[in-house]
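Got a structure for you, questions after.
Labels A, B and C are assigned to the chains in the order they are written; within every chain, residues are numbered from 1.
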Amino acid sequence: MNKIPSNIMALASSTSNKRETVCIFGTGDFGRALGHKLIQCGYPVVFGSRSTQTSNLIPKDAEVLSHAEAAQKAAIIIIAIQRQHYNFLAPLAENLHGKVLVDISNNLKINQYPESNAEYLAQMVPGAKIVKAFNTVSAWALQSGTLDASRQVFVCGNDMEAKQMVMDIVRALGLMPLDQGSLLAAQEIENYPLRLFPMWKFPILLSLGLTTFFFFYCLIRDVIYPYVYENKDFSFFIAISIPNRICPILALILLALVYLPGVLAAIIQLYRGTKYRRFPDWLDKWMLCRKQLGLVALAFASLHVVYTLVIPIRSFVRWRIISHTVSEALNNKTEPLDTTNAWLSDSYLALGILGFFLFVLLGITSLPSVSNNVNWREFRFVQSKLGYLTLVLCTAHTLVYGGKWFLSPSSYRWYLPNAYMLSLIIPCIVLVVKFVLIFPCLDKPLTQIRQGWERNPQYSE
Amino acid sequence: MNKIPSNIMALASSTSNKRETVCIFGTGDFGRALGHKLIQCGYPVVFGSRSTQTSNLIPKDAEVLSHAEAAQKAAIIIIAIQRQHYNFLAPLAENLHGKVLVDISNNLKINQYPESNAEYLAQMVPGAKIVKAFNTVSAWALQSGTLDASRQVFVCGNDMEAKQMVMDIVRALGLMPLDQGSLLAAQEIENYPLRLFPMWKFPILLSLGLTTFFFFYCLIRDVIYPYVYENKDFSFFIAISIPNRICPILALILLALVYLPGVLAAIIQLYRGTKYRRFPDWLDKWMLCRKQLGLVALAFASLHVVYTLVIPIRSFVRWRIISHTVSEALNNKTEPLDTTNAWLSDSYLALGILGFFLFVLLGITSLPSVSNNVNWREFRFVQSKLGYLTLVLCTAHTLVYGGKWFLSPSSYRWYLPNAYMLSLIIPCIVLVVKFVLIFPCLDKPLTQIRQGWERNPQYSE
Amino acid sequence: MNKIPSNIMALASSTSNKRETVCIFGTGDFGRALGHKLIQCGYPVVFGSRSTQTSNLIPKDAEVLSHAEAAQKAAIIIIAIQRQHYNFLAPLAENLHGKVLVDISNNLKINQYPESNAEYLAQMVPGAKIVKAFNTVSAWALQSGTLDASRQVFVCGNDMEAKQMVMDIVRALGLMPLDQGSLLAAQEIENYPLRLFPMWKFPILLSLGLTTFFFFYCLIRDVIYPYVYENKDFSFFIAISIPNRICPILALILLALVYLPGVLAAIIQLYRGTKYRRFPDWLDKWMLCRKQLGLVALAFASLHVVYTLVIPIRSFVRWRIISHTVSEALNNKTEPLDTTNAWLSDSYLALGILGFFLFVLLGITSLPSVSNNVNWREFRFVQSKLGYLTLVLCTAHTLVYGGKWFLSPSSYRWYLPNAYMLSLIIPCIVLVVKFVLIFPCLDKPLTQIRQGWERNPQYSE
């Protein structure tokens, strides 16, 4: 039960004493941890070991027997042994006939062996019922009881009854079993704990690369240029001003990169006149990490918002305003309100606020629990309609912000345009192409193609 | 397995080759997409079609046979045909006897037919085991592999074993089956993909209406009035100043509307002296969309926060402060610190911050994954106690903000009071009535009524 | 189906009429509410009652019979009676033989009785199949249809088939059954609805205590001291300035307290040379509420951010800046830009922004739906690596903020150091110890110990 803290758990289960014996082969760390936990939850535990000397590491209440003897004591045997040593089970095949063997092993690399450890175990002991489980739980977490992270235990196996028995044990330990179907799922389950954000690698590397590029670009324009030409030390721009240039640029580029593959796919489909040919591999991969790209873009947008809101607190900005005011006062002049300027300033802020607001909405709907509660029609509405609206608002925000400086020569230092101009290239391309694709003369054939129509049927696979 | 990206998925499952044959009736777009995916996951696929010519659209590895022949090859038959053509299955009844028929059809409108498609199929082929599944998955998503949205597949059927077989296939395709019970659930499952945020319609329409009203109200007071009387062009207020008036007003009104129906229900129950009579329909509907009303209110509150924080960056505000400072300097006077003013300004800001903070907490607890992890007692504590505290803080924020201007004649332009005064009406009514309802003389009978007591038992249905 | 609003639900299920009869023992409030709902969903309902007079509170379509007669009409009997009256079921044992009895009772206190109500019922009626269910649903919610909160219904029982029957009814009522295994889980299920954020008690009490302490500490330094020595009234600091001192202090201290127990545990393990001895109880409890501590810290950090961003809007701050500017103008002097100051100001802001950004990331990954989607390796990476980075950034933020005042005598009022200096003690200790623990001479034995190695095997339990 994933919502009852384990301390209450322990209390509750300690009242029971009719659990059936569980056998554990192997007295390594995970075997002992599982044994401890099982005893704590009221299960009699028997260890099967090569040397039957009771080590003082093994829980006192547990018996230690030879493998063959231990196997006879229980219907369920947990194999807490590494895959390399599974062959020792072959001679025990007779003792293990009809038993439920629980494979809890993990590998060191993804897809390390051609078949999963559980399937390998099934080959070794053909007469047993193999169930894969517990491999996603750490020994440390089991023992310390601090199961903050996932309490999910993936379970798979070909024998329904055996699976049910193991799932009951999983539940009794305060964990949540998830039936993953037959033993074919074992390989996925074994690969699962080895992942480290595989889908995030590309978006993060890409944004690191872009960040580095734009950092040096802005450094040259905003720090080195004034130092060389005006001998002013603006090195402190590195802390806030330059990050606050990089963040919106990256947010905008990455957001555009979320929608670019969809536009490319539409062009490819229109050109080929069919949807039945695979996209190139790079496009497929790109499409699969759009969600991650979008979330990284949202992170940069959020940083941009905080960096911007912090502006009036910055000591440099206060100094600039105060010295500007003082000089005005000393010159005895008061500037009148420039309405155009007020319009520009307010509207780029308003566009940015609305764009960010929609962006956060997109982020919230991509939370697993929220996106699981919407259907395809709703998901497509949010991610496509609202997504494009976000891109339009953010691009307009940047355009209005920079508006008046586009053609001003003072904004080209060493022939380098302002960095935000570079950031506008991809979003503008995406929006223009998307706008063209909306025209009926292109939208109609595209819709037909996506519904299965083909221009040249011989093209199909 | 919903947490393993589909590319790893495909790799893993391609190692298997002992899947059992699946038959698909119909070679339309969804049938072919499902066939492709099944083959990719290692299932032998047979298509049943009127014309047995192998179209090149059909995956190469699949056989195409007549319906009767195809049905014999597999225990599971997926019916990828529209409901209107189900009657052609009647003559095949003998061939389909004992088979598992998977109904994957969808309708165009909610509750289009008196009985669900799956139940209609069951009437057509009485000897078969009907399972409803796959209707929430899109062909496009299946084919492109970009299952970003929900991987949930609702499954229902009267035969447990048949349902289990279909759920195993669903899992093998990398999707997550959700058992919805007997075939009676089919109608709900068929209605599910047709929804487009039905619960959000009323809150969004209401807030659009209120937004329009308050926009023109503020436009008249803040832009047209100064233009007419002082000939000042404040049209740029449309970008930020006016939205920043509308947002807090709507947030406060909508938040009060979340708690108004509860108060009304209490009054009705007290008046009737029983809880066993149904509330009027409008009140029932209102109560059902309180969560959505609250979230829309939170959205407006968030916008208000950002609009407010952006104030010091606005070019107009900077100009106003600078010109004020310059005029003070030129007049050679320095204003002393007005402590009352500092108190008022700081306390309405503090009230607003705390109110918004609690509001965000309420929003977080309404995330599906969080609210699933709290019990009723905790949920009621958060949504009722913290909710009313939020309303009190936000109302106090508005009262303190406007405090000194309530009676000032200068705040009535063309006899129109300031917009925030209008926004206080509903919250104040709700809070006063709630406060009255807390008195023991009303709270005690109300609690009794809610526990089932009745003043006039003849009232009950 | 948890995502279909109950009004559609009712519509859909009203089409069915082949449900099997359900019997309810007891005509109290919850029994009647469940009866109403069951009839609404198409189940024929029979009430078993001592007095068979049809009260007009009981739904019209339901029959009311004696217990024995009612029991014969249905295979499933819902026991809507309090535990104290269960003994009246003993004489009915014969009538109840083989029936499915659903225990829906709740207690008033956690672990009120030695055995759960469901197990007590099983002792009373040994021949029946007991299933625990429905105790987490409120009568009020069932009747009003406003199931905003959790639709989860925990179900447990020893008989698989009986459990399945009850779960089908749960689903038909629009709720989501969760199989919790055998009847041993009943006690936990009965304790569940009585909880009121048990894991949050310690973090919230601790932070309340610290808040009170620091409030009076800051009150003395920032309000009373200037009042006594300079006769200045800064009482309005209570609204924003003092909260904005307390919030970052608490955020930093609580964040450090999240990582302190881990460091203490490592020291204890190194000292003992084994991981097989239990930690002291206080450390265990502390480790179990780290997530809650972290989230409270995040709440304080968020408040700090908003309080800080609101600074330039505060009337006091505007007055201070304006009067400073005016005095500069009147004195005819312009301060040059202090680059060191600009560096310090910008870098503590930047450190704070990055620290807060990572903190929010940590908060998002602790949402149940997100943390369920990461494996242990990913969870540990985020919570440990990113967590320590957050602590480093936030500590550095505070150090740079206070930097130049550490040794300034003016910051010691009545010998009291600035409050933020106190807040640095625990984080610095944690970071220094953690830094020491990273050295290979300590890290290597620690890793060995955590993998099961022991220095003095006789120490083990």
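The working rule: a contact is a pair of C-beta atoms (placed from the backbone, for glycine too) under 8 Å apart; a residue touches a chain by one contact, two chains touch by 3 or more.
Just so it is clear, the model here is predicted, and its values are computed rather than measured.
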| item | value |
| --- | --- |
| Steps in the shortest chain-to-chain touch route ending at subunit C and beginning at subunit B | 1 |
| Homomeric contact subunit A-subunit C: same or different residue positions, threshold half | different |
| Distance between chain centroids, defined by C-alpha means - subunit A, subunit C (Å) | 23 |
| Two or more partner chains touched - positions in subunit B | 2-3, 192, 309, 312, 325-326, 329, 367-370, 372-373 |
| Residue numbers on subunit C that touch subunit A, as the complex places them | 2-3, 110-111, 114-115, 154, 160, 178, 180-182, 184-185, 187-189, 191-192, 198-199, 275-276, 279, 284-285, 287-288, 290-291, 305, 308-309, 311-312, 321, 324-326, 328-329, 332, 334-335, 337-339, 341-347, 349-350, 353, 356-357, 360-361, 366-381, 383, 450-452, 454, 457-458, 460-461 |
| List of subunit C residues in touch with subunit B within their complex | 1, 3-9, 11-13, 15-16, 28-29, 32, 56-57, 59-60, 136-138, 140-141, 143-146, 148-150, 152, 164, 168, 171-172, 192-197, 233, 235-236, 239-241, 243, 299, 302-303, 306-307, 309-310, 312-316, 318-319, 322-323, 325-327, 329-330, 367-370, 372-373 |
